[in-house]
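Here's the structure we're looking at; comments come further down.
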Amino acid sequence: MATFGLTEYADASAEVRAIYDDILATRKTDYLNNFWKALAAHPESLRRTWESIKQVMAPGALDPLTKELIYLAVSATNQCGYCLASHTASALAKGATKEMLSELLAVVGMANETNALAGGFQVEIDERFKTHA
Amino acid sequence: MATFGLTEYADASAEVRAIYDDILATRKTDYLNNFWKALAAHPESLRRTWESIKQVMAPGALDPLTKELIYLAVSATNQCGYCLASHTASALAKGATKEMLSELLAVVGMANETNALAGGFQVEIDERFKTHA
Amino acid sequence: MATFGLTEYADASAEVRAIYDDILATRKTDYLNNFWKALAAHPESLRRTWESIKQVMAPGALDPLTKELIYLAVSATNQCGYCLASHTASALAKGATKEMLSELLAVVGMANETNALAGGFQVEIDERFKTHA
Amino acid sequence: MATFGLTEYADASAEVRAIYDDILATRKTDYLNNFWKALAAHPESLRRTWESIKQVMAPGALDPLTKELIYLAVSATNQCGYCLASHTASALAKGATKEMLSELLAVVGMANETNALAGGFQVEIDERFKTHA
Amino acid sequence: MATFGLTEYADASAEVRAIYDDILATRKTDYLNNFWKALAAHPESLRRTWESIKQVMAPGALDPLTKELIYLAVSATNQCGYCLASHTASALAKGATKEMLSELLAVVGMANETNALAGGFQVEIDERFKTHA
Amino acid sequence: MATFGLTEYADASAEVRAIYDDILATRKTDYLNNFWKALAAHPESLRRTWESIKQVMAPGALDPLTKELIYLAVSATNQCGYCLASHTASALAKGATKEMLSELLAVVGMANETNALAGGFQVEIDERFKTHA
């Protein structure tokens, strides 16, 4: 279980409940996942993390689905089981297909392979890659 | 420098040169970067890695630019300096804007943060995330 | 389960039992956790690891609780589930409060985020940070 | 160099300059390090990251020096060269001694070792560590 | 469970079944493990990954058991639970003894420790290690 | 440079010099590499790390070259530049050939790829891999 248990909506303070409400409204869902209920043990962390996620994951130069895919790429690289389970669900909800997720993981696999090869062969950075401004 | 030095085109065997030619033709460029010149120390690895990259990075359910962004997400997470330098250049060549790369890194940063939080708080996977078939 | 099972106290050799006794006495507890019972499959590793841990975690310029927090910071970064569970328990036993652990995880989260940003933006080390002797 | 170069104070927009001013005032220094100058390529990321860092690193249940040590523990685990250089300087500025940093790294080293051992031996979490609420 | 479920032999397409047959024949076993059944959700990834593994793990300058040990070293470092479980079984099947696996993990532990120390102390590469061609 | 500089032999205390002598004698070399000179800033860490390395890397059920290869596998996975440079040199000194190191890196690359795939596809551990005692 989570380090300090999960704070259910019914047991939450007014401060935490307001953040929960914003999460549910922003995401257009009535399900609050365990990550937020765990973070609620420290309301300051809950607020800061949610405000940051809301800003970062909003549509911008990259669309929300692409951002979900990037999230999954990081989570697979870090072997974060919780993150993979929850963000796979998010990606599917945002329209990812099985084919897209499969290609995503193929790229993630190759990137992890070539990262290790570039490091292991101690490849020096090409002069032309040192300036890309 | 690379563990076994870099194999320049002029010094390459016919076998390696054929792979070099395919890399340059596929990528529509006349510049071969150090990663491939380093891998050429082991032609079997050069061939296998190139064939895999060519297959995985080709357009599919995900477009090539999205695939480059995913590559960068993994490379930033792994602190692979070479990979970040070369794939930032690739992403720019494929049309990534400064704004897109900045948003990418913002997502990568947040994902690394919440991965650590989900792990650190030992959050259990929600029942509903255990089945997404 | 552990690769080679767990060696219970009753089944341990005299050599292993002596190390178990030292662990229990040093930690002022009568509970031996699975990590040590797993390592006992290789008495040399059990002895070396315990002797190192005993030395490194002893009070010094840093107090034992600060050292536990550092342990947790590494374990959250590495997504080591066992280590997070056992060292969260240790930290609480050494006087960590829920507030302290929450702040710890907030710092760990931010550090993982900015590590990825510093890598991803390929930030060069400032001249003045290159000499701190 | 940084992906999009460094934004010097003299070249910064009013928005970025206001954040720079807050960083310098909060830290009671007249030196702005490269990390912030690199992030300034994306003012939204600069603002969000700085606001988060300011909140997380402020004195609380943990003192600022302990927080710096935790930052270093994560950065050493992630092999983030920039972060190690800049936060070692910060830790020294906040009163860390050579002895404290040495003990910190000793703990970080041991934690990385035992994380790998706990994972490698596939040690199961003890029942008593599963509940610490 | 796996993101897209597991494709059992009886439910597999002719294309996937042919790859399954090659895996079983090459490995001289009648048991197909979950990793391949999961990858079968994307036949292209199944084929490419299997062809690469078959090539890379075949006897060469390094014998198959040494290659399994290297696989385990990476998997322990990455905290990949599935990989540790399946490759520990493979190593035992290829003749690894309990003593060998214990020594392997001891080396993996020390390498993870000294990697963190070399990074944390920001040790510069010795001149003589920069050229080993 | 290293956090606290490098302690040269001529400037070392008798305690440190005795450890330096043991390193040089054990390794049958007259060259002391920067890692040890950096660790000497904290003699306790120097002694403990050296004693552990000496024990772990000694011939046993695994030969010294296999142990060096395992060290390299971990170092490539962790992107530890210093460790890759110094242990590549060590491996060559212990008889590794260019072909062996190339195959090593090919396995390391594949293991990092399949680790990410096993994590990303959230593959469950096969029942038969849960017991290997």
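For clarity, chains are labelled A, B, C, D, E and F in written order, and residue numbers in each chain start from 1.
The working rule: a contact is a pair of C-beta atoms (placed from the backbone, for glycine too) under 8 Å apart; a residue touches a chain by one contact, two chains touch by 3 or more.
Small disclaimer: the values here were computed from a predicted structure and weren't measured.
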item	value
Common touching chains of chain E and chain C	A, B, D, F
Joint neighbours of chain F and chain A, given as chain labels	B, C, D, E
Label of the chain whose CA centroid is most distant from the centroid of chain C	B
Taking each chain's C-alpha mean as its centre, the one farthest from chain D	E
Degree value of the rotation bringing chain A onto chain B, based on Cα positions, nearest 5	180
Interface with more contacting C-beta pairs, comparing B-E to C-D	C-D
Cα-centroid distance, chain D relative to chain E, in whole angstrom	33
Inter-centroid spacing, chain D versus chain A (mean Cα positions, whole Å)	20
Distance between chain centroids, defined by C-alpha means - chain B, chain F (Å)	27
Multi-chain contact sites of chain B, meaning residues that touch two or more partners	1, 3-4, 41, 44-45, 48-49, 52, 56, 74, 77-81, 85, 88, 99, 102-106, 108-110, 112-117, 119-122, 130, 132
Category of the chain touch graph - line, ring, star, complete, other	complete
Interfacial residue positions of chain A with respect to chain C in the complex	3-4, 41-42, 44-45, 48-49, 74, 78-80
Complex interface listing, chain A residues touching chain F	72, 76-77, 79, 81, 84-85, 88, 104-105, 108-110, 112-117, 119-122
Interfacial residue positions of chain B with respect to chain A in the complex	1-4, 31, 33-35, 38-39, 41, 45, 49, 52-53, 56-57, 60-62, 66-67, 69-71, 73-75, 77-78, 80-83, 85-86, 88-89, 92, 97, 99-100, 102-104, 106-115, 117-126, 128-130, 132
Residues of chain D that touch chain A when the two form their complex	1, 3-5, 44, 48, 52, 55-56, 130-133
Residues of chain B touching chain D in the complex	79, 88, 98-99, 101-103, 105-106, 109, 116
